[in-house]
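Heads up, the next two complexes both have chain A, just with different partners, chain B and then chain C.
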Partner chain A sequence: MNDRLDNFHKYLTQKAGVKEEDYNAFLPYFSVKNYQKGDIILSKGSICNHIFFVEKGLLRLFSIDQNGTEHIIQFAPENWLLSERESLYFGTPSDFHIDVLEESIVVMLMQDFIPKASSISPEFRNHNEFILQNHIRQLQQRVNLLISASAEARYLHFIKMYPDLTLRIPQWMIASYLGITPESLSRVRKGLAEKNFK
Partner chain B sequence: MNDRLDNFHKYLTQKAGVKEEDYNAFLPYFSVKNYQKGDIILSKGSICNHIFFVEKGLLRLFSIDQNGTEHIIQFAPENWLLSERESLYFGTPSDFHIDVLEESIVVMLMQDFIPKASSISPEFRNHNEFILQNHIRQLQQRVNLLISASAEARYLHFIKMYPDLTLRIPQWMIASYLGITPESLSRVRKGLAEKNFK
Partner chain C sequence: MNTKNIELLAPPREPHFVGDGFRVHNFIPSGFRMDMKRMDPFIMLDYNSKFYFPPTDKPRGVGVHPHRGFETVTIAYKGRVAHHDSSGGGGVIGEGDVQWMTAASGVLHKEYHEETFSKEGGEFQMVQLWVNLPAKYKMSKPKYQGISNNEIPKVELSDKAGIVEVIAGEYQSNQGAASTFSPVNVMNAKLNMDGKAAFSFPSHYNTGILVIEGSVRINGEENAPTNHFVLFENNGNDFTLQANENATVLILSGEPLNEPIAAQGPFVMNTHQEIVQAIEDYNMGRFGHLED
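Up next is the complex of A and B:
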């Protein structure tokens, strides 16, 4: 079953520098699941027990406010990791939902994957620290954009971060991620089109 | 000089669980500085080489946009850690500034403090992972508040997070942190006062 996992294997051996024999020792600590569009992987109030690596497809982490409006915290296309880290690490009920936006193949890393893989592979231990630091970097940049930048600057940052998502998801989801109204996003896109920016 | 460091000592031995003898082994990896109100600890474009622990006083991490407006990413009163982690970890020039809002005593943790302290003390190693996970938790909650919550909900969260800061900093700084105008903050405070909320 794991011979399908080209992306996950490449991610660990090439990006994280994990040795081939160590990769084999990781096998007991993950499994693979197929999901259909619309499947819910995590619901608010549940405990998140996994980190999800997207081998193929697209996941989304989002909250729902008291008016029933969805607010998107993160997208995870191929080669991205996604989790509700607060719930996973602190054992608290999740404030967020995770669902499936496209038919997906997801590598489910068990809760003890990180400590086990870190004890097996010093390269993985270093990479895990990189992942945490990088997550902080991205979230801090996002906070800064949300409190300081124009809707246009936020949209341009989004395109850079998720280059192929603009074609894969509806406009309202991009607006939700950016914290602006769909109407504002339309104006931004129209303005950029007039400047010959796709 | 280090006998002044009650807060830092308590933080490490009580909160992080570091053993007394291990604390002594940490001494070569930090120093202490006094700062005056208005001092600049880190400027945009510089490399951040330290993590700052606030023994006494108040620091602030902020960006300045192209119009010269300041946007506050984080406050750090007593017992908080502050750094520009992107610059510290990735070695990139900082996008942010750090300055001093009140006369402060700051413990300057050198860049190799974390790896050295982690190799000396397993308790510290665990605590450092907690710090990173907690930072992700706080930033993710902040992103969610910024894209989903009312100005009132954001202000209430701010008070909970920084209970004594409302008396120590000017209103415009709170508004800047919340990503709202000072006028909006006045309306929120007035609304809360009418509900008998201080």
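Up next is the complex of A and C:
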């Protein structure tokens, strides 16, 4: 095993329950890349050929609107998977960008990783089904929060999901993810401090 | 005399920027054989070697960020820094001054080049140290000691060798200006060419020096050039410095706490659970609020 891929190996063997020999059979279907802060992994208009597993570091999936404003769809810190699903599965040019927020080690899962790994390992197939359902659940919750919840409720949900990101990214990115202005995020944080600071 | 021998002479590592205002060489904890345990209770040492910052209207620095579980000590050699924290501490430190901030249970703070200095630009040179707190003080109340140079005791050395500024600890029965939570010695030796100074610390204290200006000969046998860090073995008590040219040397020696260290980003605690708690407390506003 490549000992640089501690997290990826642990994720598959411990979380997904993949057997060691099956993990070895996965090897032809992924590669590993190192990225520097600021690198762009995927840009709008290109085809996404990989699912990205973050071994170390932090990635971001975002769109840019007509006014040039960035809107963050998802962050992916260690042990998260990230991809542009439409482009990956339907071969359409990507609507989104993926860039690198911290120096990262990324496991690049090839397009046929999921079908190959699923045919090699029933445990992986079950786990993949589970994470897909879980991902849909998260997206449902996210849509619901965006259309119905207060800024504070969105922020509280964010820190539960990504506890340490508040220390790793600037406030405006959190605001962008939450769909609020940086000023209103500052008000939310100030309000929490007034409630909780003794 | 029971000589403290040199274990390691460490050159400065490639500098990196902290925020946009501090261009630092890290010696602890990323230096060779210099993890958080080796110089315990000194768990972080960043050194902004002399660097010219051009004039700017927007002060450079580091925005609001939290700390918990230790003390940050900033020693200014050139340039001026303004600091504000959520416990109400704040002020400006300039050449020769020291800021000793006890984050303890938690503060938010920000550090920027002082406004006039930013506008005029100039040479900037500082050390930032993190001094770990004993477990029983990690959740004590935050505290701020702004120590101006005239408050720091200066010990005149014999034969016009120079002076020793006692920031913390004790030198020749002179007590340092800062109060500390465990036995810690922090001092500047400002030596004239050929001037000699002798130091003595218990052998189990972790001890090192950073050459800020000039170069010095240690124990009469090894030269340490500018911007180099010298780590001593934990075997003897005494060492001497002799200036090859006019020199300024920062001396660090402290009794190791020998407690478990769990560290993540700006938090240094004893267990992982305490780190998780620190992150939650920060997110929930329990560190207070400080405007950017």
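To be clear about the criterion, the second predicted complex is superposed on the first by the 195 of 198 C-alpha atoms of A that agree within 3 Å, B and C clash if a C-alpha of one lies under 4 Å from a C-alpha of the other, contacts with A are read in each partner's own complex, and residues count from 1 in each chain.
Simple rule for what comes next: a residue touches a chain if its C-beta (ideal position, glycine included) is under 8 Å from a C-beta of that chain, and two chains touch if they have at least 3 such contacts.
Every value quoted in this text rests on a predicted model; they were computed, and no experiment measured them.
K.L.:
Quick check for you: in the superposed arrangement, does A:190 touch first (chain B), second (chain C), both or neither?
P.N.:
second
K.L.:
Between chain B and chain C, which makes contact with more of the residues in chain A?
P.N.:
Ranking chain B and chain C by residues of chain A touched puts B first.
K.L.:
Looking at A:149 after the superposition, I want to know if it touches chain B, chain C, both of them or none. Which is it: first, second, both, neither?
P.N.:
Once the two structures are laid over each other on A, A:149 reaches chain B alone.
K.L.:
Between chain B (first) and chain C (second), which, if any, makes contact with A:172: first, second, both or neither?
P.N.:
The answer is neither, since A:172 touches no partner chain.
K.L.:
Where does A:89 make contact in the superposed view: on chain B (first), on chain C (second), on both, or on neither?
P.N.:
first
K.L.:
For A:163 in the superposed arrangement: first (chain B), second (chain C), both or neither?
P.N.:
Touch partner of A:163: chain C, not chain B.
K.L.:
If we overlay the two complexes on their shared chain A, which of chain B and chain C does A:132 touch? Say first, second, both or neither.
P.N.:
First partner only, chain B.
K.L.:
Could you list which residues of chain A make contact with chain B in one structure and with chain C in the other?
P.N.:
Chain A residues touching both partners: none found.
K.L.:
Spell out the residues on chain B that touch chain A in their complex, using ranges where they run on.
P.N.:
Touch list, chain B to chain A: 63, 65, 69, 71-73, 85-86, 89-90, 95-96, 129, 132-133, 135-137, 139-144, 146-149, 176-179.
K.L.:
Along chain C, where are the residues that touch chain A in the complex?
P.N.:
Within the complex, chain C contacts chain A at residues 65-66, 264-266, 276, 279-280, 282-289, 291-292.
K.L.:
Which positions of chain A touch chain C when the two form their complex?
P.N.:
These residues of chain A touch chain C: 159, 163-164, 166-168, 171, 186, 189-198.
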